[in-house]
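What follows is chain A paired twice: with chain B in the first complex and chain C in the second.
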Partner chain A sequence: MDLLEFAKGPALQFAAFVLVAGTIWRIVGILMLNTKPDYSEPRKKAGYLAALKVIYTRAFTAPPFKKATMYPKMMAYVMHIGFFMTIFLFVPHIVFFEGWSGLDWPGLPNNVIYFVGVATVISAIALLVRRLTSPVLKLISNFDDYFSWFVTILPVVTGLLIPTRMLFSYQDLLAIHILSVALLLVWLPFGKLGHTFLVFITRGTTGMVFERRGART
Partner chain B sequence: MSTVDNRHPIDREAERLAYKPPEVRHDIQGDMSTEERVEHAMRNFVKNFNTQTASYLDGCVHCGMCADACHYHVRTDDPRYTPIWKIELFKQAYKREVGPFAFFYRLFGFKKKVTIEQLEEWQHLLYDSCTVCGRCSLVCPMGIDIAGMVSMARHGMFKAGLIPHELHETAKKAAETGSPLGVTPEKFEDRLEWMADEHDVEIPIDKEKADVLAVMSSIEIQKYPESMAATAKILNATGDSWTFRTDGFEATNFGMLSGNVEWQKEATMKLINAAIRIGAKTLVLPECGHAYMAMRWMGANMYGKPLPFKVQHITEYIADALNEGRLRVKKVDTSVTFHDPCQVSRRGGATQAPRDIFKHLGVDLREMQNGGDYNWCCGGGGGVVTIKRADDLRHRVFKLKMDQVEATGAELLLSSCANCRQSFDDSEQHFGWNYHMGSLMELVADNLEEEAS
Partner chain C sequence: MNDLREEDSMKNRPTVGEILQAKGVSRRGFLKYCATTASLLALPPAMVPRIARALENARRPSVIWLSFQECTGCTESLTRSAAPTVEALIFDAISLDYHHTLQAAAGEQAEAARHAAMQENDGGYLVLVDGSIPTGNPGFSTIAGISNEQMLMETVAGAAAVVSIGTCASFGGIPGADPNPTGAVSVSDLVKDKPIINVPGCPPIPMVMTAVLTQFLTFGQLPELDKLGRPLAFYGQTIHDRCYRRPFYEQGKFAETFDDKGAKAGWCLYKLGCKGPTTYNACATTKWNAGTSFPIESGHPCLGCSQPQFWDKGGFYEPLSTARFGSKEQLAGAAIAGAALGVAAAVAGRRRQARYTKEA
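Showing the complex of A and B:
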């Protein structure tokens, strides 16, 4: 078994298993905690629709905070959108997903994806620089923040390197790329990258609690 | 032409006009070993854990944006005042002791055990420098209610005997005497009778049955007694059957502010029982922010079932009466700016009520920039106004409020919270500020139409 076969086979399968098992464990661990009913008389009815509302609205910054948070917010938008575009709109990725799920959708030209990938890396670096220089972020950051940054951006960088054939063969660069994806999937459920799924719970519960009070969400 | 004196080197790096935080003092209560204190702090913090709080502690992405919403950080640039940092110890404890991967955190030592030194240091961050105003909760891209977590962390700090003395003493006095300022039922009755005479207003006390139970805060009873007369004038004018009760009159809840859940429940139950005893359909809370949070949103949960009566802030009661035509007011020809109490508006949802009242009064309402639900806190909420050692910091953050108010150019400055009012009064004196905080309810009482139906 060569490196590429290992990456495509056991490595990716193991990573997928850890991703699914770890995510379920973390979500169940949180959902299993006791939640007492709220007996206060609601000002507004606020069920899951309120949760959905805040899951959507918190993607945007409230006007009073726009100026102060403009830079990190813009960089975070570019990074997140760019990251998802490179994953889901790159034709070779779509082919991979099709083989796995049978679903097919149109992609973007490779050059566009390369441009988006570079923008993603630049925005991630900008966010890292902010983390390393802002007194607030220096104080509140820990290993998880830096390691999560690393494992997130690594697949984008290794992906961008494949067409360059730099130092390694195409096969080896592809294998390295897939292994970096496996590393991301393995780490995702455990650290801060869990916000991929936790964001729905945090925003959703805040929406339900504060919307029933008729308070600002 | 100027000459340069070279005897002293130019130092461009030295800090100038930079804020130097005061030396932090920490207080302790009770006789406990350090291990016991740490254990109590952690156990009582995790006691009320649920899905919501766990997801909050697990979900933070350390973006630091909450710092930009916090008046303490904005005014000092001290990174320790970053809201999420204020609950760092409890995040640490959650991940190490309770979270889904607690086993691994302990096994590999990823999260260290919280120490007594850390808890002592955090006393300043959880009490002196957080008014639980919740502005940070509105900026968080993950939607984490950081202010709610600070309140929970206070539960642990109280049980560990690690809260500021002044706040502890105030809360203890409230638990022992029923009032944080030592207002006994007799004293309350005396002051009501005094106000009834002074303002020539009928004030019903201890009626056995009434549709409305009105309660006051000790701050009003002692510092702003006209509030009692104003409440009476308004309630009389609506034609509702109402009363004050000497067995349930204190609306403030220092148990909640200090972090003692038992004391919080006792204070809440006193009012609930009084309201049930007289068969009240409505409990009208006074101009007090945290009293609204304690009763309107937490009262039923302390009671363990839905309350058999409605709970309203006095501004909600007035707004309803005005909108329904049960109360009428004269037009007031002045410009007003309104300071929204955080617990009533931002966190309580009653932001519209005062605006409805202003509409009826016909005043020129000048909203502050980023006012309403995004208002800067007065700096005195969350029990901070009682903590003397926090005064310098409180005055420092009040500057934001002064700027916000002055920019409106309004003639009158009003609020609907006696705690905010006392915080404004103190800062007004400190700065020699030419604005004076008034009460919205008193403005209404002073402008009632006599022929109200």
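Showing the complex of A and C:
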């Protein structure tokens, strides 16, 4: 078994197992926790509409912070959108998903994906530089932040290297790319990357709590 | 004594130039072949006269061709090259002293010819091998009662170099495919003390074969090889790198089936399982059948036949980016395990919450 076969087979299977088990562990574990008793009188009835409202409004910056957070917000959007485009609109990736799920959808030309991939990497570097240069961000950052950044950007970088054949053959670079994806999948449920599946749960919960307390959302 | 006999034997052999002249090959045709070979080997045009001079003066080297666990496809590939080409004549110009399929001698006479060639050209002959070598049981494949492994080892002992023809001899090939019932191995798995050139392919391209021999005749040394022992001049780039359908790959235009609009328009065959991106060979440039076409040009994806273990790398029609993400049962098991862990974590969390609440 060569490196590519290992990456495509056992490594990815192990990563998928950890991803599924870890994600469900986190979600079930959080949802089944007792909620903190709130003895205050409810200002409003907190329903799912309140949750949906905050999920929507938190997608944008509140007006008072707009100017101050414009730069990181833009970079974060470029990174997230770029990341999703490279994952879901690159034809070899679609072929991978099709082989697994049977679902197929149209992709984008490779050159567009390469451009988006480079923009994703640049925005990620910009965000890292900001984290390293801002005293406040630096103070509240820990290993999780840096490692999560690393495992997120690694598959994009290794993917971009494949057509260049830099240092390694296509086959070895493809194996390295898949192994970097496996690393991302293994880490995803446990670190701050858990926001991938918790983001709407946490924002929805915040919305419902705020609504109950009468806070403006 | 042996050296003197070898010298006499070599002197008596006609040069390649004399043989080609006798065969009626024109000077123009010969130089054309030399120029093509230089181009294939990525040598500068200034080297063409040197190749021509060396070839003209080269004495016919003795070649012993050993066929082990093989299908004779490699020999077919060489001998069926479109009618009498100059390459074929160059092949005539080597002294093919032993070859099961092509030699006239049979039985003991054939084996006597092999031994005579080995003795007369000790240290100077080339051994060409096609087919893998079984190591599981010596009786799996024998020639004249001799096991393949024994024949290989005794023949290469006095060889100048070994050329592994085809994927079976180079990497074990189809006989070595899982579960490898005969314990088939490649030449390089057994021979450690001789220079080995791997010319893989199922079968390899005839021109590649002749060009490798030409380089050996011209410069008296092996060509530059990659990490798998293949001549870089032919195996330095992937099929995908030189494929004329590559622009369609970049544009995201793919044939989905063998008879859809994309297939008819000649779009990329990646989705139909093409292994071009991971396959190093010269098919896309040298082509087959006297430069007519190559498999992708004929509408079929590359199988990756010049790569090690190509038979065991998933389905031929399975796209390269297809990966085994685990069966539905495995993933369901993961989900159940995750749910159980989640419940356990929540129960532990609730107990801790209760303890803190009580303490408060």
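Operating definition for what follows: the second predicted complex is superposed on the first by the 203 of 217 C-alpha atoms of A that agree within 3 Å, B and C clash if a C-alpha of one lies under 4 Å from a C-alpha of the other, contacts with A are read in each partner's own complex, and residues count from 1 in each chain.
To be clear about the criterion, a contact is a pair of C-beta atoms (placed from the backbone, for glycine too) under 8 Å apart; a residue touches a chain by one contact, two chains touch by 3 or more.
The model shown is predicted, which means the values in this text are computed figures rather than measured ones.
Counting residues of chain A touched by each partner, chain B versus chain C, the larger count belongs to B.
By the touch criterion defined above, A:F96 reaches chain C but does not reach chain B. Shared-chain residue A:G214: touches chain B; no touch with chain C.
Of the two partner chains placed by superposition, only chain C is touched by A:Y170; chain B is not. Contact with both chain B and chain C is seen for A:L33 once the two complexes are overlaid on the shared chain.
Counting contacts as defined above, chain A residues 25-26, 28-31, 33-34 meet chain B in one complex and chain C in the other. Across the complex, chain A is touched by residues 238, 240, 249-252, 254, 270-271, 277-278, 280, 308-309, 313-314, 318-326, 330-331, 333-335, 337-339, 341-343, 345-347, 349-350, 353-354 of chain C. Against chain A, the residues of chain B that register as touching in their complex are 49-52, 54-56, 58-65, 67-69, 73, 77, 79-80, 82, 84-85, 88, 99-101, 104, 110, 137-145, 296-301, 303-307, 310-311, 345-351, 370, 373-374.
Put simply, chain A touches chain C in their complex at residues 2, 4-5, 7-9, 12-13, 16-34, 91-93, 95-96, 99-100, 107-111, 169-171, 174, 178.
Contact residues of chain A toward chain B in the complex are 25-26, 28-31, 33-36, 38-41, 43, 54, 58-59, 61-65, 68-69, 72-73, 76, 134-143, 145, 190, 192, 194-195, 198-199, 201-207, 209-210, 213-217.
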